[in-house]
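Written out below as structure tokens is the structure these notes cover.
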């Protein structure tokens, strides 16, 4: 196969690393003492970070309001189950759709913005939604959370048991399927168009690329994935409270993605693993001052691993496997 | 994830096992402790730890023939997702047989199904909303307070002492809305009228507009319900800065707004404030005086709900001497139990496990150089008799 | 028989507030023509290209492309109508390789970039076309490395390849040989002549050797107005041009 | 009518407080194109320094203000020299995340040094209570705040317009390359400007101690307000920050009085609308 075809096929093929990554999650299920509840939440954080990666990593748009879509998905799943639609899988899809539609509308609103203005508008919209949900106690139960959320067993068979086995497998399956779709998407011409618009919107205009349409679509898509992550959280914890759309969550997911590495689709999961695991560790070690270590970790990441852990690890692995002499500084092309 | 206390406890256990004669292996009852140690409300967790230290200094770490071992976890505030995971971790992996907390209502609601399924008697020491204890899980008990226990007596007191037009100001969140409905209903039941009500945002650095609304309504008393923290301190400051305090307009509230944790921060702005509370460090009882003295070393007030939870656990475990610990037996023992608490006589309701206790009307006064809540009226809980 | 007009502007004007920097220019480009625009700095050359390509909205006047009125059209609509352009300062995709950049241009041309799950790698004919285009422009060897690391000269070539990959009817080149040695400039224009086929080319250029070497007609702009238009020889002899531009 | 005037006065003084706390951030963001979210931690530091000076050194409230200013200024100088100057020119997301990290660290460090609970501030009698002014009963402290705010605004405007150093700072704001081209020592100007901006934040924190509460979580609570004032006002524009502070201060107070159901969302609505209409802010230069 001529070299250029191999070049593109190479990018699309599932590498050994990727398969090992997903297999590890399956193996973790069988390890007797593994903390399935924590791993499920890491997966949910990871998927949530991947939704932000579509925006930030692939289209270069930072957002301080991604938790708004996460929260919309979480509450939609909550309301569905409260009004009788307790089947989880369809509930997940509907939640993603609702969040996606709101994402499309948000996309049209923030179209012309970038930089700090974009951060502030997304922050403002997120705060408005949080304030509304927290204050309307009759509608959402406010701070005490939405009453009456109960989810039927998956496929009618697997009940959400206490140990979290069903919850873990359900989350893993959902995350994997959504991830496979996203992976195919970013390897399609649409993904390349996003990267092009991230690098140089003016050049894209002169290639006739509908960058505004693409921006609205990627906002809708990223919102849908964030909504499904939110729905997964509601379904596995059978509870939802205003905290799901707090500013703190939007800041945490941004931190997670930057630590993991934006623009590699796996950065979200790697970042979630590092962040949630370390936060749990620091909190257990020193419950009062663990915020300090989270802050330090963030400062060090931004200083030394400018593009996140994943590229740093990949770079290390590449240098170790092939001496740098005969190999040009291969940038990990997405 | 071994908590600090757990490591010390393990070391102590190993030491005692070596030293003591090879008696029958002493059973250890593990007690899960779910409090907030970090973030804005991290203070409560630290005060609870000190209270536990004092309790264990006095009563040791064994009850009857069983050893009590605490497993500590930080819920990081009202964070249902984290709280539920930690409860699951404690029940499934740490195999705790008793639990104190989690604090905050959303955390309790999220964990209730697990507590029921795990059959782990759990004592709530930090969530006041109604509709949790007895309804969400048969294994829940409470040593904290329920909002109606303070609000209803306060309405009666206000009317009795001449208030006819009451202004109701609450923070705009679920417990605030509960308190608003309760005070309105009970005050109107007495024959009083509501001069006006206001729900202020949870994050509200600027209070002058709220004070102006109170002035406009010209009430003869003001009822306030706010979460413990900066809102209370700012409200009291604004109340005095705006001249409302000088016009000696009576200010009534639940015990939260004059809690000992905030009293010295609020300073003189809290003087004369009348509240309905369940505990005051100035409560006149030998048990309380000794406890307050011991906690003075830690420079803060005792966390009485935690103290009473420990009392209940130690007594309950001791009652099962000679037999392995059983959760259901503990529930049967605890429900209906009456005992003396530093706050005064309390009981765990036999019907739903909620707390029955006196409500005290108190006024903030300066006694030997320190601001305290002086209790001047006791309203007994009708179900207590 | 004059060839059909592929690009025409009538009374094209652009004013920022009171200051009008482009005063009522009537211009026409014929099919297959190689047309150069010359003029001193600040003559409005780049403004003219921005107005024609849609990156700037004109204050008045009109632009016709292939017979369609595109005065109010977005750049994307003009590209659909057959317009292609390069930029004075390289505007490429730093994190994409040349191969990916050309593939992206072809995907946009064939309207394949709607969200889909079909991998780019499976569109083999398009990838072959991209590789062939790169080879024709002498960039075959650099196809897979990061664009950012390409030498400046090759980036200028890639800039042109990107524009040509859309098979435009009208190609606007904004100082294509900027920053190149004379030899590299000539090589670039050789490639252009050979590869442009029947595409009409309008290029801004300072190097008179290149202008008179490759242009069939020349337009001279000065102070935002059209000074003269004609064949290279006519322009070389025109007294107005000589005074305003050549200085003697 | 007098109520409306009182509300306007209270809103104005609240706006002035926001201005003093935020103006340093606006200058550093506008001039050095550096988004320093930890600026709000510097304000907290000022509050703590003032309170510590009053409690431990027995200094009066009035004297604690300059101490808070100088103390925070010194700390800001060190922070800029050691950490921040390595990040000039990085993209704004990197700066945002770096300074959020610093903000988290400040929360724990302050809790470690001064303890986790609120820090009360004792106000002198001359600055507490109410006073009758033209028939309105206004709080003495707010009058004092207004005076300090106006003095500061004038000092800043003159400082930037009239002094040589001001000219140098404005040159850097307009075009850093050109400014360094004509021999201005950019590094020194940045360091000094950042320190003064930090000092102002410290002074703002000390002034805020009496209205807002000073505790380790101060930055987490008021970060959003400061970001809003700076982005609505327009980066790098002192006048813009003043205008935004006053608009948001009055809007917040008057909004809460006349439309209580809207509660705290007025400030967010204003931000979203202005950011959509003028992304560069009221007085900021078009990006």
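So that you can tell them apart, the chains are marked A, B, C and D in the order they are listed, and the count of residues begins at 1 in each.
Please note the rule applied: a residue touches a chain if its C-beta (ideal position, glycine included) is under 8 Å from a C-beta of that chain, and two chains touch if they have at least 3 such contacts.
Just so it is clear, the model here is predicted, and its values are computed rather than measured.
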*Labels of chains that are neighbours to chain A and to chain C*: none
_Label of the chain whose CA centroid is most distant from the centroid of chain D_ = C
*Once you find the CA centre of chain C and the CA centre of chain D, what distance in Å lies between them?*
50
_Can you compute the centre-to-centre distance for chain A and chain D, using the mean CA position of each chain? Integer Å is fine._
34
*What whole-number Å value describes the gap between the mean CA coordinates of chain B and chain C?*
75
_Which positions in chain C are in touch with at least two other chains?_
none
_Please output the residue numbers of chain D that touch at least 2 other chains, ranges allowed._
116, 263-265
_Residues of chain B that contact two or more other chains, please._
39, 42, 46, 172, 199, 201-202
*Chain-chain contacts as defined at top*: A-B, A-C, A-D, B-D
*Touching residues on chain A, where the partner in the complex is chain D*: 56, 62, 109, 112-117, 119-121, 123-125, 127-128, 131-132, 135, 247, 251, 254-255, 258, 288-292, 294-299, 302-303, 306
*If you look only at chain B, which of its residues touch chain A in the complex?*
1-3, 37-39, 42, 45-46, 72-74, 76, 78-81, 84-85, 88-89, 91-93, 105-106, 109-110, 113-114, 117-118, 129, 172-175, 177, 199, 201-202
_chain A residues touching chain B - in the complex, by the definition given at the top_ = 33, 35, 37-38, 41, 131, 134-135, 137, 141-145, 147, 162-164, 233, 237-241, 243-244, 280-281, 283-284, 287-291
*Write out the stretch or stretches of chain A touching chain C in their complex.*
2-5, 7-9, 11-12, 181, 184-185, 187-193, 195-196, 198-200, 202-210, 214, 217, 221, 328-329, 331, 333
*chain D contact footprint on chain B (complex, rising order)*: 39-40, 42-43, 46, 172, 198-206, 208-210, 212-213, 216, 230, 233-234, 237, 241-243, 246, 261-262, 264-267
